[in-house]
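Below, chain A partners chain B and then partners chain C, in two separate complexes.
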Partner chain A sequence: MNEPAIKIEGLHFSYGRKKVLRGVDLEVPVGSIFGFLGRNGSGKTTTIKILLGLLKPDAGVCKIGSLDSQKDVMKVRQSVGYMAEDQQMFGWMKVTQIIKWVGSFYPGWDEKFARELVDLLELPRDTRVKNLSKGQNSRLALLLALGHRPKIVILDDPTLGLDPIARKDFLRYVIGLLQSNGVTVFFSSHLLYEIEPVADYVAILEDGVIVKTGKTDELRQSVKKILLRSAGDIEFGGVGGILDVAKMGERIAVTIEDYSEAKREAIEKKSGCAAVDEVDLNLDEIFEAFVIGNRGKKVKV
Partner chain B sequence: MIIFIRIEPSSPVPIYRQIIDQIRYQIATGALKEGDQVPSVRQLANNLAVNQNTILKVYNQLCSEKVLRIERGSGTFVAAGRHSIPAVERKKTVGKLLREAAVQAIHLDISLEQMKEQLEKEYEAIRLMRNKTGAKSNE
Partner chain C sequence: MIKALFWKEWCEQRWKLAYGCVILVGFTLIGLRSRLTPDEFIVIFASAGGSILMALLVGMGLVATEKSEGSLAMLLALPVRSWKIFAVKMVMGALVCAVPIVGCMAVSLAVAGGREMSANRIAVAHLGGISFSVIMLVWMVAFSIRQPNEARAGLVGIGVFMGWVFFVFLFVKVFYKRLDLVLWGLVITPLGILQFAASEGQMHTLWAVIVQAVMLIFLLLWGGYRFGKEGRSKL
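And then the complex of A and B:
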């Protein structure tokens, strides 16, 4: 297989005594759109900052193509497009001024392309940054991340604070401008339903570790909830992939990853109760099961 | 060359299935007719803000079912070919859906008579829509 666009191995990081990352591993295939999902405070931004060489990890290695995030900081910055979370830009500058200014930092800046992007992203040339709408602001930040024609683009919660229409517009540009040109996109968000339509792959980060990674459409199919009828205590010891167990009246709802008939039978056998129903979940429910599911540990039936 | 497709993000139905179902529905109602061109993968992806690979998967599946056909160099079209799917296969597909409906009906205490009546109504409604749009009837 080809070298991945991004590779993260065994990443650990703490702010003082607070452990933020506890062994993050990730691989982003070349040309894919990769959704990096997690709740606020789960460590997404920290991971991205380490990836860009802006923070030094306690342990672990990050590679962007063949470049090492810690050793080749300048080269990494030159070859990656980065849009920070809530990117701050000088409000007094006009759109064309800030493009010129940012461009001056990149030897590989493509002025002609940047000018085309101004039109394509429908940005007003002579408006001051502080007077742009939220949507225009994020499109400008995208332009500034793309002007040097990077092959890898890292977007840190790019649609934060956008209304649903501006958000969809933004995602449209990600597809039309980046995916169509074979650019790898690593894109963080806390909204699974936003990531699903655009991402080839997703990884879910929770409490400093990746709790799930895979193809987006497989994630959908692999997680199911089954309902068991039971009056008393039940045990699932030895059955893997149980994300959550909840008691609902006479029924027990078990959420399972990597679902299969065989797994269902194993659960039925272990617990001694028959499954009465099998339910598909929507993405928010799947996300919830991964990040706050009790994994069958604390279940009191 | 615009087709109206609505994606329901909170649905448990995967996005590619949602798109497939809606294209099938539009062909059944005659909103899309044999020979109509559908948008390119890129166009539709852009239009819906959906990953191009998802659209590609949709088109590939619909092509393998002969609902759509790709003409190299000129685009993707609604095919005539669904009639060339063997009757057994077509029956099987519908049968699967009917079984699901029957399960629901029994579960919700709907009698066979009521169910037949409802089915007739739905069937007629789609046919009516089809006639209005001037699509060729199947008979």
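And then the complex of A and C:
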């Protein structure tokens, strides 16, 4: 069996008394685009910082390939391409200067490839970094993360602060540059619609734990919403896998994890009414159900 | 790798170096040539005043500027040990503090060496200024590493300096009848370096150098440790 590109086991981390990560377990398959989803402050950036050895966990192990992110910090950073959330660079440097400067820290820096990327990402060579637009800034940060041809790229909310067009452009570049080359991309974001079309796998981080992980397609198929018509209060106690129960006009919408006919029948039996419809959900809605779903399993009509 | 770090620091610090050279060397040259005041006043003012000015100017920007601009996070995420980044910053900072005072010393020796002050006396005064400037820089950076901007780092630097002054005042107030004790008290603060350099108190100067060197090593280790932890401050 192939070693995963990234493996996280039992990761715990606290900022003082505040527990940020409470036992994160994750495996990122080689060559996949992995969407790491979570709300602001859910611990995505903290997890990434631990992966890069910028933070020391209270407990747990993080591995990048065969490298331990705490013991082999420099090797990890040399082998991984990292783009930080809202990455600020040295404003006084020119684009060509910062590329050359960052390149000097990576033994495997490919100058020819970096020059090609400058053209491909449409970056102005002699402009100072402080004069770049937000979109150009993000593309430059992407170039700096890719110049040493890493096999694993970690992008921490890379489109933060970009307008929709720039966001689309950026994603186009990411997909174009990385997907075909077998590079593993670990992509954190809180914007589900930008992850959905590109991610092979997703993990949802909420309140310091992974609440769901799996293939994007399978996740989409396994989580369904069924609509019931009901005239009275409904309680679903005893039925497993209910993520959300909400009132939608005269109907009750029940979002179910690991959907199956048996579960549907159990819900119909428990509520005493037949399902009138079954709806596929997008990643946005699935995320919402996992993160803020009403698991009280009781709704008043 | 180290060369690249030095190049970056040089590009960031060179304007401060140029500013320090123009202001301090210019002041010394004009002051000594015009002879409006005794040479000693110009020499002491340039070396002591210049050392404080340069330490504040450099110490304010060494870490805090990168922090306020957000580039520190990028720097600390590069595949280079944080202590190396810190060491390069401190070496470059110390050079930027020292070079303008070395310039003052050269001008003082050329214009007024042996005139009212001996060449040796001029050199010792400036060496004291250089030492004081480097010590103050290290104290300032070690204590201000968590400050989010230059202004706050500058306030910490002024606070550190005033702390030494208050300490000396208190010491003199308590032990004013025992001059020997007062001199030993000065050894504890970096101000002693300036005082002994100016008055050529050789025995106390030696002790002041030893005490300050020990403190400097501790502060550099502590500062380096705190600098390495700077990437950890954001959720």
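Everything that follows uses one rule, which is that the second predicted complex is superposed on the first by the 288 of 301 C-alpha atoms of A that agree within 3 Å, B and C clash if a C-alpha of one lies under 4 Å from a C-alpha of the other, contacts with A are read in each partner's own complex, and residues count from 1 in each chain.
Just so we're on the same page, contacts are C-beta pairs under 8 Å (C-beta built on N, C-alpha and C of every residue); 3 or more make two chains touch, one makes a residue touch a chain.
Predicted model, so just to flag it, every value in this text is computed and none were measured.
*Asks:* Is A:115 touching anything from chain B or chain C once the two structures are fitted on A? First, second, both or neither.
*Replies:* neither
*Asks:* I'd like to know which partner A:12 touches here: chain B for first, chain C for second, both or neither.
*Replies:* neither
*Asks:* Check the residue A:270 against both partner chains and state whether it touches chain B (first), chain C (second), both, or neither.
*Replies:* neither
*Asks:* After superposition on the shared chain, which partner residues are touched by A:22: those of chain B (first), chain C (second), both, or neither?
*Replies:* In the superposition, A:22 contacts neither chain B nor chain C.
*Asks:* Check the residue A:128 against both partner chains and state whether it touches chain B (first), chain C (second), both, or neither.
*Replies:* neither
*Asks:* Taking the superposition on A as described, I'd like to know which of chain B and chain C A:247 touches: first, second, both or neither.
*Replies:* A:247 contacts neither chain B nor chain C.
*Asks:* What is the contact status of A:172 with respect to chain B (first) and chain C (second): first, second, both, or neither?
*Replies:* first
*Asks:* Which partner does A:149 reach: the first (chain B), the second (chain C), both, or neither?
*Replies:* After superposition on chain A, A:149 lies in contact with neither partner.
*Asks:* Jot down the residues of chain A that show up as touching in both complexes, chain B in one and chain C in the other.
*Replies:* No residue of chain A touches both chain B and chain C.
*Asks:* Note which residues of chain A are touching chain B in the complex, please.
*Replies:* Going through chain A, the ones touching chain B are 33, 168-169, 171-172, 175-176, 179-180, 193-194, 196-200, 216-217, 220-221, 279-284.
*Asks:* Quick one: which bits of chain C touch chain A in the complex? Just the residue numbers, please.
*Replies:* Touch list, chain C to chain A: 1, 3-4, 7-8, 11-12, 69-71, 73-74, 76-81, 231-232, 234-235.
*Asks:* Spell out the part of chain B that touches chain A in their complex, as residue ranges.
*Replies:* Interface residues on the chain B side: 7, 9-16, 42, 45-46, 48-54, 57.
*Asks:* Could you list, by residue number, the parts of chain A that touch chain C in their complex?
*Replies:* Residues 15, 20, 41, 43, 45-46, 49, 52, 54-55, 74, 77-78, 82, 84, 86-93, 101-102, 104-106 of chain A touch chain C in their complex.
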